[in-house]
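Here the chain labels run A, B, C, D, E, F, G and H in written order, and each chain numbers its own residues starting at 1.
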């Protein structure tokens, strides 16, 4: 409940248009919608500046369809992450299908049109080609949140000249998302070259002692270069979200 | 070496005022100063917008004193982190002592005056009182980098009303540093209340299955609320640095 | 062997109706039934107030059928956990099929009727929708043990108002089962709002650094809020059992 | 703020005795006291039926003294856990010293008199003698919360007859706290003998592959006997608190 | 090469029937047979009192058949562990099929007849029914090595009377193999009841925080009862081998 | 209570010399002595063929002295492990001091005379010199239990000829205790040379990725050579106890 | 860009044949080729003496084919590791198929002819037969880089005579690659016998507490024998590459 | 025993100058010297080209002195690693003190003169100043083994220009030792710049999620750049030894 609504409610009470009991009850009622299997946080767009995002694993097609329908009301773009092609088809066929697309690299369903007018420059960087799906999840998320996004892929530290040759691109961004598996060294090197924050994303790319991304995660947590913060392994969505919050801040 | 200097150098070569060999050599020489035990990255303030910071553990008093002296030239504020009182005394007595202070909660030496004109609002939040030293390290770092910093301490999730009672403070900040040990749940709850990025700092506060902060670190990495990125356990400095980069971005 | 039987036996010995050797042997024999592949603890219902429960993984359909048949004698409700649909069909077709049902969310076979008269109020809470199967396992177990069970699903900490909006429900229960994956923060927040014990159940919901539920487990073990105890990852059955023991104690 | 106070406030608004702005502000203010370094949750006794407990590590004597003084107002018994003898002396000398005692096995300061009239029977069991300090922390906590507490120490599974010889004691309790280090097997065996809930406490007693209590913790999480829930390693306080909540429930 | 052969060789050299170079070479040549993909340790039966055993995973049917053929020469019983049914069929059809059998619980191929005259009493005990495959691997191995083997299955600690009711069986054995998953508590309890060595076998039975047997392994390593030593998770073969070495020692 | 005593008791009941109630009580009373802080398992020597051993860490001098006094009655040799010199002095000065000695390498107090007539040959082997304290703990334990013990120290695998040069010694033993830190490879190599069981003891000798003995423990659990079982890190006592049980079995 | 090219460029600038802006740009441009999904490090053969190698997992057949085509230009041998048979067919059918072969043990595609004239002697050793695929990956890599490679397979430490019988082979090599799973003891023993460097490769061969090669990795890191360095679990390619660099060094 | 000695022995047997029994015995005796607490591998210098090195932790001064005296005979340089100043004084005062020095950064005692004529170029690189002690241990070891050693310290990846500015130095070495703590990224970047092998040494420099060097170790194991092999955390000695073996190979 927004502050204005609360003020109005209290004024109604003062003016005798509401009973104490009713107000008590309304003060307690919160802005979400109970759908049985889920409590949709319809208030989130107001509170956090972007609507709730649907994380698909463990949800049935029916549940995803219902959540899309409910969230679509009054919101510009709806994202569903880690979606399968089957999820996408279900969502598409449950509507007129307009404005619903699927990115199979990023495994995301985008409902609605990405914003045309964008602000802030996010650069998404990967160490290798296998890191691209995670990077695309980040990129599309940041685009959906209204940022300009550029990509710089396959510039891992084994050939550092590939990175240095793109230093202008690196320095032009207002925030960087750096995606790397294996030894996870890229964020440290990138961060040392720029004056902007770096969101580091460890990936599960690798084998053996990479322990499904743990090696990269630990490396990124221990970076000797300040100006880096880390999200979960393979969490492209979280990185893109964080980057967009930084690149396109809510005016205060 | 800055772009302008490089252009000038190349023009001198073109104009015959420099020999090929000399230019070759200069192209190779990089902007750091070799002090034997260390290569001071004197270029860092230009490249990254804040000078190198001295991490004291494992360095002798002599080394710290020399690094302070070298970095002080031409820079406004110098920070030395995880400094002991003995480190501080050595630094103080090696100079006229002016403008050198020590914060014993944050264990930091500050050389030079913190900037007066500040921009951006950083809010540093802790779950408990034991998290305060890490929080202060973050706060002083962000202040040194030119941000306005507010504190909100001891608002852990066991009494969530303490947090909700400060929601205005939370929503007014342009970036939050949230410091918590034990189960590390605070960043998730805080993040759900605001529309700004949250830098989460796990601390080693706790015992038993906290495994010196690992429990908090894992919890923060797995937050169900987007808009969170994590730094190393007890890394207040890194969190403050990241927050300042976000709160007070270099104009692009 | 119950105390009364033992007294009778000893009296028979005293009265010469039993030989020393026979009594020696009977003192050694214990109240279980040896079925070859298993030793059914038929004494358990007397000793622990609820009969042995069948954990299905690693057992053949034949073994499950036999165990159900043996345990059914003299007991009201029999539970078989982590059962597949195939297990259920085998159990159903091996009997007249009456009073045998299967819950596919909770993956449980219930043999016999759940008790009508119930005591104690158990509330089962989940952070997200993916935690529901584990929650249902807890709920059905507590119902089978004679408790009133309520559900409150999808009230994770990213939108804490969903939780606060249900505080009456939370405070009305006599014991809570709180189920959460990812960062496992929900039990701490819930526990801070109530004056009743919380059984925390970490789930394997999540990815990357959740390490199949380890992150949630560690978070719950380290809760800053007293009044929480934890069961194994995904162990809905154990949580429901514990909750029922608390909500409906054996009179002493 | 309690419901009654809220109703009164709203009535005052309705009756014109309070302005809208004032009520708005009061609705936001929450029931804790800000002491600068800490926000004392003075509301906790009302909300959770027992006042906040002071965890001493990482707090100065001054801070502990102030917290004791603040919490003492209006509460019966105050506990300070993991207190050193020096903490105790500071607390004692800062008051008239009456009703302040220190238990050096449990490392607890008890301020005020333990309740005379007690309800519920808690039995605290240990595997070995080295587990006694953790057990005493549990026992004193449960006593402070108004329970009758019995002890049964050094009945580890290497001589299971010691345990069986006390089965009456085990079965008479309404809840058990079972404390064990090393392989942590005792809760499983105890739980199999009783019809009451078991709170299991792993301890850091052991060496080598006990990994400071991790082995015991994992064993207890994986117990084959239902009716067990686990608290953190060495967390006697948490176990006693949970046990008291169960043994002496708030009437609903 | 056996001592006698060496003596003979040296005598031949002394007597001029062998040249220095030839002896040099023979001293170097070791008693194994190089089959290209493997070096069969044909000397092992002499050196260790039991021939090499074939571990099937990662070997082709052809390789297993060849190894069986080679090892069969001059040895009584040949074992192939973790064999699939397909492995068995290949071995069977590559010979006259006589004296080749397959145990599908233990997943072992036995080539040759188990020894009739046996010595030493090995008792194999399991906590649950799911531990039986590992137990059978142990039992058959010990039988193949010439021991009398008894089984006692499903006597886990949740109903300790099942164990105590079999104490005679436990005390009659000369060595015990105790197999348990989950919390792995059974070896400690068993060991406390007997005066004979216990070989503990953790199994991967369990879920969640059992971490595929790690919990049981750690518990067994930390047993408070002396007289226990532990083999690898699910390593029934190793336990049976060790037990047979103890129960039927080589006379010295 | 031994079988004979039980038979006598039952006969007395039959003959009317004992009442049913008395016998009931005696059947329940178990053979241990309750010393308040400990329940001494006085029955253990009968049940397990060697009296309870005192593990000193976490016990006060007074407690150790009392336990020694109690256990000394009727037992030949009493061992106290991981004892400090101060423990020893306390034990010594609390008696006439006769027959009490301290081994400072093994950190053991031996009360009473080691048995003169010994059976079974135990060989204790170490990889390096730093493993000797653990080895001595094993050796003295096995001697106290009546075995002949030989030592073979500093024969690690980096110079395998040192081991091969002692192969007669290795093969003459009836059981081997092999103690190694770092990579823990020695038990595998030794086991491959002998036809007797090997008890492997990982030690915490090493640094870095030895993780306080974890590396050695894992290596030993995974030995490719059958006939090895493992005890806890640094657990010389447990290894010696196990070895003595094997080398000098109770006749059955 | 090679030094000579740089000198020429600078001379052209000096002589007025290049503009400052052009040189600036060229100094920045780095020697790689941007293929969209990848930045092929075409400079690597010059810089590192062997062209980039294609790691196939996570790449589509199309991507692999394009990379092979691009790298083939001007390079002698191209390797693609961890390739499936389908990868191979795609590569083969996209060209005339000449000089393209597939080794299914090593799972490698070799494009071009292995060098005829070879230098340096690499010996690849395995503990067991299951380690052979990793060993073959190492062997073929070293051959492709111009080394003579010998194999010595199945000489694990359980039968150390198999190893000693090949000591001449071991001592003749100029560098050894030693591949072992399970306890990973072989490199220590081998290293103690030779005066040449040993590259140790842990493999994921094993089960239970081998934790997919972690046990072997830790053992190898902690070897008591100097002269060993370790590569990632199952990283035959890396070991072969390192060995070739050592066996056939670039003249300096 | 060297081959020549063996041939002579066999000839004496042939010629009747030795009896069979004597030769048997000598064939068994191995070239080490048994000092009671240690078996000095006097054969090692012959077998491995460098004498045994004394690892001081866990050894008494007396033991170190005796080992130095024994090893000094016939060897050029003796190293004692991880030595304290007290160890050094004991060694010095037990001899005439000539040619015995102590390096307190590397914590090494060097007995004898470092070789004057050196071969092979080893470059030791560190990421930070805190890594220098480990680096010096490596450097002195390689010097003692006859290599030319250069140092390049404090060139971590946060300021990659410091590294690139030294690329000639990097490319001139025949082998590199790269020492780094924290995220351990330096070896990957260095390796990408050179055509020579890199020995990577993780250090325990760092805090929090560095887990005492584990993060660096895992990063180095997972390097995306081939031509790297890793030694144990803080194992400067092992890295220097390996580097010297590579830089100054035994001619074959």
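Note that in this section a residue touches a chain if its C-beta (ideal position, glycine included) is under 8 Å from a C-beta of that chain, and two chains touch if they have at least 3 such contacts.
Everything numeric here is computed off the predicted structure, so don't read it as measured data.
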| item | value |
| --- | --- |
| Those chains which touch subunit H and also touch subunit C | A, B, E, F |
| Between subunit B and subunit F, the fewest steps along chains that touch one another | 2 |
| Equivalent interface positions on subunit B and subunit H, same or different at half | different |
| Averaged-CA centre spacing for the pair subunit H and subunit G, given as whole angstrom | 26 |
| CA centroid of subunit D to CA centroid of subunit E, Å | 50 |
| Whole-Å gap separating subunit A and subunit D, where each centre is the average of the chain's CA atoms | 40 |
| Numbers and ranges of subunit F residues touching at least 2 other chains | 158-159, 164, 192-193, 208-210, 214, 217, 221-222, 232-233 |
| Inter-chain touch pairs (all) | A-B, A-C, A-D, A-G, A-H, B-C, B-D, B-G, B-H, C-D, C-E, C-F, D-E, D-F, E-F, E-G, E-H, F-G, F-H, G-H |
| Subunit A-facing residues of subunit H, complex | 127-128, 156-160, 164, 182-185, 188-189, 191-193, 206, 208-211, 214-216, 218-225 |
| Touch list for subunit D against partner subunit F, complex | 129-130, 132, 153-155, 158-159, 161-162, 164-165, 205, 207-210 |
| Parts of subunit H lying in touch with subunit F, wherever the complex brings them together | 28-32, 37-39, 41, 43-44, 57-59, 63, 202, 204, 212-214, 217, 232-235 |
| List of subunit H residues in touch with subunit E within their complex | 6-7, 10-11, 13-14, 16, 20, 23-24, 27 |
| Contacting residues of subunit G [partner subunit H, same complex] | 47-49, 53, 121, 172-174, 192-197, 199-200, 217, 221-222, 226-233, 237-239, 241-242, 245-246, 249-250, 252 |
